[in-house]
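What follows is a set of structures for review.
Here subunit A shows up in two complexes: once beside subunit B, once beside subunit C.
Up next, the complex of A and B:
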């Protein structure tokens, strides 16, 4: 099996989107695309499933809310109950604001750290520079050449229909 | 890595043409390509700071040092250095705290609420607005900390197992809710800001020559490469953060207002406080965003990105908030007079006609009357006029908090304990110091980070600039 890939770069998001859909229809395998900003519709064009990070957020948020509610209840009514203004020790309404803040804090940090984990991002990581201008003004499509039927010159001709700016082959 | 360039097929300049088929003005003016956007926004970071920047930075730094000296002195000596007395227990400290927290709220409004409402124009201002939030909340945090008197025991507010029982914090107190609300707000704002910065840090990393800037941005950009899979997840998380920050920002000022509303002081004990405070906070914050953006676009030559259209839209948003605040003033006054409670009635009459009526009328003039000029298109499209209005709103909103706090306290239930409050030089120096901290941080931010979200501007501006394969005329025909 070959580990060669074909990089095709475009300078417009519409060209990238059209090329991505056409390449997928041809049955070629798209390994990834690299873009300077979030191109809307590219996830559909590439056939990416909706992210499950929303669940991480939900679970972290619930953990924060329930954990803090339990903690407030435990400190104020069980381990050292103190009479505050004659209110009941286990007064639920007064526990809500802090529980809400804990939910937001945990949900926010949880989803961001989950993003870093799933996308393999960490401080000081060396970027796999696929194409330097992909963080500036180019849109790059990475096509797998593993398929035996894949023919580079004809693929290049095909991509020209989508105003490809540059194509190059690389070894992964 | 084995690199083999096989063929370069064709090159084409990606000039994004002006959309002629839209009735809306473009978000970015001046016929920019994607590369131009990167270059223009990074330009202030590449160039040496201008004389104007150094002047502003020096003034801010001096103000900051004055504040540091004042804080040092009052911590060493005690808060007896303030003008507070047993009747007026809250003065400059809490006024400044509420003022700064409020300023922060517009940043979150722009970065999160307008994101959820798909307002593309926010992309030009959201980075600066978020930075403003962060610095404003930092400034706000100083005041309750020093108000404790024994600042070194601030960690007592955190519920941790201790040798006194354990004796826990009082979760029924709004002041403790405030501790959690403000610290959550600061942390979430910082995370939101940093997550937004990651793609831009990667852009700077990739265009920098080897050196300290490349090293720092390489470290902080977490190996970001612009992969579509990462972008896909990133967008999800960004949306989640916006969804979390929106109720958070409302909760923060609601809780701040409860510091007052749950007490039994006439003038504070009202149910209108949460929405009234949130509207006021966004109003004052928008005034500060506009102030900063007018200065930033001028000094960093970002007129093509922060256009008059942006200033106009923010002015309109500020005007609508100002009207809500005006309505709240009226409602509050009416309810007090209508309540039949002589203490409530007295406090409000005293506000408008008592010894501090000058502060009340400054507040009404700056917050309710002055913004009405923004109804006139000519006014809101004339920068110097907008600048004067936003400065007056900043002043007015500071006085709002001063009026709420001091006039409600200084003449309490017992006439024999009535007192007056005059801030001391130490309090004024601390207030000046908070401005020093705010502007020092903001000026440094403008130098070391892109003041406009590069990736977001590219994404939003592009929406209206589909013109590479077809000309606008062909598009219209189609």
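Up next, the complex of A and C:
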């Protein structure tokens, strides 16, 4: 990985999708893509692996449910048993609502904070806008100029097929 | 769109009919030997069938009201499901007519304090019968209008149909919400007239929508393999139907548990009378089985994304859900009618086989009566290119 990247911007999402697919098939390394809104199918075109966030969510949810069930059982029937309405101390039905809420809470918070962590987002972080018009009307593809063999003029010619509007080089 | 019209081999349809006839003969014989058991199975299978048909109309109405475009490509599937309504309606009415005297309140005690006068009025035979006929007729008529309007659109392309669709759908949803609650109360909850649950209506709805989605998914996958929906029903549609199925499976469990927990907590004898025979005794494993089939298996099986896009996994889960629906209904219906021991013999096998055969037969007949894709719908293109 070099520190030079090629930014290619497009006017239409279809052009971006087609270019992304073609660039990936050519074997060039796609670093990222910036779009004004979520473009369906872009993750597939970029060849991204399925998100691992689902596993974080599942594990957090199970931790919440099982942890809370254990905690309720421990408090209500082991350390300080309380008779509620003559029910047995270890009454599973009364534990379910709180366990459910804890599962939802942990799964939700866990996913959001895991996403923040992975995307390196935190309060007060200075935004690094790679290409301002990507927040407005342009669709931008960031390609890694991997080595000396990467020829920028020929890459630009290749991208012309996909109606590229502007290309520029950047150092990271 | 040039999709091949569905051509089902007549031999296959004859086999389906043969299954239904054999099942009907078994139930007929049972009616002589053990009338209560035959009747319980008749009510179960006719209620199963009518709620599937009703679910088809519900799906069309819901998507119409939302202005949903994703489901347009396979809308003929829920439309064909409504083809179950007339036959299932007749079966339900036969079941109700056969049991009308037992449904009546006066067999369970005359007059009395509190709301007894209302129950006496509500469950009087005449009112009960008139209501049953009215529910069935309303469902058939409104579903027919929805389907008629959709088929009319095939030749009159454009948006002129949309206001009628939306209007009828809104009307249907209002009627549905009230009638399914009352029908469930009348035909099933009134089997135990001293017991009541205010969650009953929504409990009926949750089972209905889940079974309908499962049936629709199976039908869509079969039709895709057979040809009419090939290239039209995509993995994106399958994925979204899978999400809905999983969501409503959780909804069913949520409703089931809410009903159970409130009754368990307050522990009032007039309320616990429903759960005691079902959870203390031989019915308990059946109840646990219904929870496993309707929630535990669908939830964990459908949780990963790839399984909602896999034909084979979805088919299996949907079969599990349809079996779960049967078990769930049997837990509602059998204990008060046939007693405290669950029975599974030939009559029950018949009441499994008849819905399978009859629903498939009616579905294929209804589906082949119209072009397999609503070609005149303005949202069809959006649906074909839909991306979940």
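Everything that follows uses one rule, which is that the second predicted complex is superposed on the first by the 170 of 172 C-alpha atoms of A that agree within 3 Å, B and C clash if a C-alpha of one lies under 4 Å from a C-alpha of the other, contacts with A are read in each partner's own complex, and residues count from 1 in each chain.
Note that in this section a residue touches a chain if its C-beta (ideal position, glycine included) is under 8 Å from a C-beta of that chain, and two chains touch if they have at least 3 such contacts.
Given the structure is predicted, the values throughout are model-derived calculations rather than measurements.
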Combined model on subunit A: subunit C and subunit B, fit or clash: clash
Touching partner for A:41 - first (subunit B), second (subunit C), both, neither: second
Touching partner for A:97 - first (subunit B), second (subunit C), both, neither: both
Contacts of A:54 with subunit B and subunit C, given as first, second, both or neither: both
First (subunit B), second (subunit C), both or neither touched by A:127: first
Subunit A residues touched - subunit C or subunit B, whichever exceeds: B
Region of subunit C that runs into subunit B when the structures are aligned on their shared chain, from 9-17, 27-35 or 171-179: 171-179
Subunit A positions touched by subunit B in one structure and by subunit C in the second: 40, 50, 54, 85, 94, 97
Subunit A partner contacts - residues on subunit B that touch it in the complex: 1-12, 14, 33-35, 38, 159, 165-174, 176-177, 180-181, 184, 187-188, 191-192, 195, 198-199, 202-203, 205-207, 218-237, 240-241, 244-245, 247-248, 251, 255, 258, 455-456, 458-459, 462, 466, 468-469
Sites on subunit C touched by subunit A in the complex: 257, 260-261, 264-265, 267, 303-305, 387
Touching residues (chain side subunit A, partner subunit C) in the complex: 40-41, 50, 54, 58, 85-86, 93-94, 96-97
In the complex, subunit A residues that touch subunit B: 11-15, 32-40, 42-43, 46, 48, 50-51, 53-54, 57, 61, 71-72, 75-76, 79-80, 82, 84-85, 87, 91, 94-95, 97-98, 100-102, 104-105, 107-109, 111-112, 114-116, 118-130, 132-137, 152, 156, 159-160, 163-171
